[in-house]
Amino acid sequence: MQILRRILIRLAASLVTLAGAAVIVFVVIRVVPGNPVAMMLPPGATAEDIQRLQELYGLDKSIFQQFLIWLTGVLQGDFGTSISLRQPVAELVLGRLPATLELSVMALVIAVGLGGAMALTATLWRGTRTEGAIDVAGGMALSVPDFLWGLVLILLFGVLWPLFHISGRISPAQGFEFHTNFYLWESLLRLRFDVWADIVAHMFMPALALAIPLAAIISQLLKQSLKETLHLDYVTLARTKGYSETSIILREALPNAILPTLTLIGVQFTFLIGGTVIIERLFSYEGLGNMAIDAVINRDLPLIQGIVILFALLFTVVNFLVDMTYAALNPRLRHA
Amino acid sequence: MRDARGEIRRLPGPRLWLAGGWLAILVLAALLAPWISPHDPLAQDLFAGRLPPVWEAGADPNYLLGTDSLGRDVLSRILHGARLALSIALIAGTLTCLIGATLGLIAGYYGGWVDLAVSRLVDIWMAFPPVLFAILLIAVLGTGVTSIIIAIVVIDWTRFARVVRAEAMGQAQMDYVASAQVAGRSRFGTVLAEILPNVLPAIVALLTLEMGIAVIVEAILSFVNLSVSTDAPTWGGMIAEGRASVHQAWWVLVFPLAALFLTVLSFSQLGEGLKDHFDPVLR
Amino acid sequence: MSYLSIENLDVRLHTGVPVLRGVSLNVAAGESRALVGESGAGKSMIGKSVLGILPRALQVTGGRIVVDGEDLQALPPRTRRQRIGAKVALIPQDPLTALNPSRRIGPQITSRLVDFLGWSRKAATDRALELLEEVQIHEPARVMRAYPHELSGGMRQRILIAAAFAAEPKLIIADEPTTALDVTVQKQILRLIRQMQERHGTALLFVTHDLGVVSKVCQTMSVLYAGKMVEDTGVREFFRQPGHPYSAALLAATPKYTDPEGSLTPVPPGVIAAVEAEVALSDRRREAAE
């Protein structure tokens, strides 16, 4: 019962956050000086055009009424129609979501792998130059945001030493017909490893750029909790049993040190997803973020709204899942 | 022994000197840009397009770091870009700090529904991708320096609000606040006087970090062409052009990127260093 | 022939400050020896040196630790670790922190058997169940599946005792195993340790600051003061007539069960001064000899 209560409370809080986010986007676009319709129309539109468009989008009504109309639509799965692309927003947005999800998850996997390896190496060689070097590298990685790492990677591995692709999601020459937009998974499931390798070669640079700062954060926190755990009595007891330092760290310390890191990864993962907006732009990767920037530049009001709400939803879902995973993994909470 | 360690902590390491040194050079360059720039940053010379930096073959010694596709001098544009980057860092950083800290103080001090409202607002803010939010704001407000500053303040005030709120909450419940009130001093004044010395170090550190963030946000906005006018020399704009022609003219990307990278790194290292330096736990 | 033999052991801080100064100590097979001293005397460090778990700030700077005829210091680290794992076990001080909170009890008892001694999982589990019964734990099968936080301190200490005996070590080092427990539980645990030690014929090095406990568990004892051994005697002899003035003072400062209300005599400052002078003198002698 306790657990159910927690889930419900958490769910309610998430809904409030989401609703708040929806209101804010709605209001920001409409209240700030400047006519939203003027935003949509090219300069030089006549007053008549503006009037017609306002009626078309219901913009002549009060903000509150507009919000109700929009909300009613959203609850029925209707996010309106994109002005620049002339397609339903829901369709467009859901079509791009898989690309962004695949990129984010790949970045997360890289970050966890890289950060975990850094933390374990530094812990194993604590007090030596290796640890010092890892600390310095981590500090650098943390100080500079993903956007700049992306540019550095473009220079290093796109130009100086061209190992990976630096734009797009797949080589056009592949000529492969996808049934879904989850390219990475679909190519894998259909056993087309050549296509899969091509997709990975496209995704690796943007994913790495997103992963570098997160890897540094994971590495710092995990190392700190590992070192704290290594002083505990049960670790000392395990040492007397004959285990090597490596297996002590992996078997005894890691499972207990990992919980705080896990919570942190959850929060940071939302930041990482936020980072996809500019990284996708930088690497011409056809995901949600890239579409969002186009929508802003084209002043496509319904599309902007749809994308921002989807991002907010994504953040909320991730946060919710993290909380639940945390509760499920901690034996003390589970039995409480 | 503990004292000796404390002394060592208080000495700024080479990291801080390097970071501070680079920023000092940058401030000088920004202030003196109109006088030390070898060329007009806007002057185009279509016959001198994409000239490489002087040490490469085919360079023109007049253009130290080469030219972009329109024949504009890369060095002069970087120097003038520093003016914009630093002004925005300073103004946007300070405003963000003032507004965020004030909201945090009010939330922490009054508690109750005010606190609830501010905290929920912070939660909601966390649900937006900051870059997307900034771009959206610029689209609504229109381009220009003022819009950029407003956008930075709007997306980042939560950073300060959270820190100050936590501190204010702790202090407002202390006994001395009540006793100071009996002595006739105003409650708010007392809390302010007690909180400020406690949070000031954290705020100074955060402010330094925030300036680095402001520089990045400006660069990102000019990268997607939403900063100031397309023509004006901005690091982000130069990087956008460099990214497009990276295979033909690497120098158009490398030099502004290096300037941006070092600046962001320096603000960040300075901020982290200040945080360690002031942190009462570490001290 | 001693199973554990420590000869002239020196342990120092990184800064050079001595913690153990030329300590020698022998424990014969099946012998139960108490190691007594005030807190800070360095008695725990002797056990930690043998087990190879000294804190990073400390290191062995001289002397030999011989277990079962083998000089541990002379072995390569990996072999040394495994030798200790197979021959020596530790009963730790605080049962509340000595079990890994994220793992079930079962594997924490059987891990050494399975990972180093080639037991099958099934055989190791049977053995663990047997041992849990031996340390008087009810429903051992249920306890094997439990997490540490579900069990009381006394139960956890029984489990740690069972785990220590699991691989039939020839020597067990008990580091103040009852100080963290209730007085009532203490007595049961002490009795249990003695029974197990006698039944399995294991040598025991029992580290404690509590003379009252010594007579319940051990036959022989060594007294440590300021990192130096001051007396090596039988427990009975010690209580009848302590040989060293410091030991005598220590005994006088211990409450007696027969006369709990009787007045306690603190260790007189004169004795401390005398011991310190003696320790300093022997240090100088040793330095001169070097």
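For this structure, a couple of remarks:
By written order: A, B and C. Residues from 1 in each chain.
The working rule: a contact is a pair of C-beta atoms (placed from the backbone, for glycine too) under 8 Å apart; a residue touches a chain by one contact, two chains touch by 3 or more.
Keep in mind it's a predicted model, so treat the numbers as computed, not measured.
Taken together, the touching pairs link the chains end to end in a line with two free ends. Farthest from chain A, judged by the mean position of CA atoms in each chain, is C.
Comparing chain C-alpha centroids with the centroid of the full set of protein C-alpha atoms picks out A as the closest. Centroids of chain A and chain B (each the mean of its C-alpha atoms) stand 23 Å apart. With centres defined as mean CA coordinates, chain C is found 53 Å away from chain A. One finds 58 Å separating the Cα centroids of chain B and chain C. For chain B in complex with chain A, the residues that touch the partner chain are 120-121, 123-124, 126-133, 135-142, 212-213, 216, 219-220, 223-226, 239, 243, 246-247, 250, 253-254, 257, 260-261, 264-265, 268-269, 272. Considering their complex, residues 127, 232-234, 236-244, 252, 255-256, 331-332, 335 of chain A touch chain C.
Residues 13, 16-18, 20-21, 24-25, 28-29, 32-34, 39, 139-140, 142-145, 147-148, 151-152, 154-155, 158-159, 270, 273-278, 281-282, 289, 292-293, 296-297, 299, 304, 307-308, 311-312, 315-316 of chain A are the ones touching chain B in the complex.
Those residues of chain C that touch chain A in the complex are listed here as 51-53, 56, 78, 81-82, 84-86, 88-90, 92-94, 97-103, 111-112, 115-116, 147, 149-150, 160.
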